[in-house]
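Several structures are given next for inspection.
In what comes next, chain A is part of two complexes: it sits with chain B in the first one and with chain C in the second one.
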Partner chain A sequence: MEKGVNQPFSEHIIEATKSVFAMMAGLDIEKDKVVVSNTDKVKGDVTGVIGLSNDRLKGSIAISFPEELGKSVVANMLSMESEQISEDDLKDGIGEITNMIAGDLNNRIGSIFKMSLPNIITGKGHLISLSNKGTPVAFKFLVNDQTFYILGTFEEKN
Partner chain B sequence: MEKGVNQPFSEHIIEATKSVFAMMAGLDIEKDKVVVSNTDKVKGDVTGVIGLSNDRLKGSIAISFPEELGKSVVANMLSMESEQISEDDLKDGIGEITNMIAGDLNNRIGSIFKMSLPNIITGKGHLISLSNKGTPVAFKFLVNDQTFYILGTFEEKN
Partner chain C sequence: MRLLIVDDSATMRKIIMRGIRQSGLNVDEFLEAGNGKEALQVLSSNGGVDVILTDVNMPEMNGLELLEALKSSGETKDIPVVMITTEGSEAVVEKAKQLGVSGFIRKPFTPETLSSTLSSVMG
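Here is the complex of A and B:
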């Protein structure tokens, strides 16, 4: 895959994330503070992973939060306080956000992908990475002065 | 999705795992020692996650190892010693095993799914779970007297 192919997706990933955060959690993501890089590793305490594929491309999106931010985002979604958020609430909420961001992204690019079911990973300071030859794109988002990451990648099938 | 729908996949997941372990790492998985349950959570230190989807079904497979076993499986694949396996070797090897098990499973059921790219998670004692209403199936495998897990799920699209 040419390096450039990820470019349009990157913009759409940012837009999809901003839209889902605003709609689901009433949280504002400042687009001009998003940092995009080509690292293939991000770190977090709670992560949602979802696959996207079609006849030509296969890819995935992982969205990874520090625990405190993950809980406060889910608390916002459920109109609850962070302290009330159980492990199951957190896992279900992060799964839903992951599903919605991937779905919103897919809508923006003409529903070209089939989406898989999200997996949720919990565990202090785990690392999400890739083992492929595509072009990984990592996004660092800032919300409520806290940082979370998205790791996206798409590769042409051979 | 009816509970029974996972039944044929379960058998194929076990066969695919046995086949990939034998072919790639020269390791024998004893089928009669595989424990299947409907838990939706498994634990590990290094995990590969891959999505599978088509027009009717969406799903995912996660394969999760304790670090020592993950390293020894990858060492077998690369004809190296466990102590020589770097973090990158481990991540790439587990990604490859994940990809091959999903691919082998897909072949066994008529290549009905599109596969996504695997994500690799590393971090001591992380938990893999699901946030969907499908039927999760967890497999506990025994190899060289050590245990690893696969968590699989498939859900009908609505």
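Here is the complex of A and C:
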């Protein structure tokens, strides 16, 4: 088995991501590689983060884009041109993508989690850290020769 | 047909409107609200609508609270309400059914799903 894909929910995270991009933005995306440690740096310009928890587990899903690609994806969702996407459109759109991926993942595993509302982090080239706790995993995806990352971390509650 | 879309994401409201237009459904006017409380204000100010599409998880007043408010008022109890949401838990679906929801659409969705659900709800 490929390194990292035995992490909890990995295959469902991949499928949920592909489904949201195909249905909402008309984009076919391709998983490139798996990152499972902080020695691999994950950078982005705009990142959506959402929490998931239940009685036993807590975790989060994050999706991080370079600004140009983020605008391009949101533009596809709205049938607009990238140049027409404002900063607010970008943040709101990435928030919705984050919400839908987490929601689709949750539905695929039997709606076992309660979800938070998504938060958006912006800043050119910010580093996204994989938690040292739990079972962190990040997937690098390709769309139109550009890359973005999905990160997931889940751990047992104390 | 007049349609009210309730979602705290302006982007999602635009996506829903785009999807409905793409599906070929004949909508004369779209009204928008960012949460349940705003939706009740929009209805009070603009009169009735033919269908309400609402998200579940929203600040101030969520979709279930909006549904309950609509069904408990004589003026709005007959407006069909469709929930369009990432929230698919049995508890939420059951609660919405008890309150009288007319349909459910899960995000992500296609224009075809929007069209078939709205057509079914409108009879």
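One rule holds in what follows: the second predicted complex is superposed on the first by the 136 of 158 C-alpha atoms of A that agree within 3 Å, B and C clash if a C-alpha of one lies under 4 Å from a C-alpha of the other, contacts with A are read in each partner's own complex, and residues count from 1 in each chain.
Definition applied: a contact is a pair of C-beta atoms (placed from the backbone, for glycine too) under 8 Å apart; a residue touches a chain by one contact, two chains touch by 3 or more.
What you see is a predicted model, and the numbers here were worked out from it, not measured in a lab.
In the superposed model, A:N158 lies in contact with neither chain B nor chain C. After overlaying the two complexes on the shared chain, residue contacts for A:D104 are found with chain C alone; chain B is out of touch.
Considering which of chain B and chain C touches more of chain A, the answer is B. When the two structures are aligned on the shared chain, A:S79 is found in touch with chain C, with no touch to chain B.
Shared-chain residue A:G95: touches chain B and chain C both.
Legend: residue contacts after superposition of the two complexes on their common chain; A:G125 is shown touching chain B, with no touch to chain C. Judged by the touch definition given at the top, the superposed model places A:S60 against chain B, while chain C stays out of reach. Common to the chain B and chain C contact sets on chain A are residues 92, 95-96, 115, 117. Chain B makes touch with chain A in their complex at residues 47, 49-55, 58-60, 62, 91-92, 94-96, 114-132, 134, 151, 153-155.
Within the complex formed with chain C, the residues of chain A that make contact are 19-20, 23-24, 74, 77-79, 88-89, 92-93, 95-96, 99-100, 102-104, 106-107, 111, 115, 117. Across the complex, chain A is touched by residues 9-12, 14-15, 18, 57, 59, 85-90, 106-110 of chain C.
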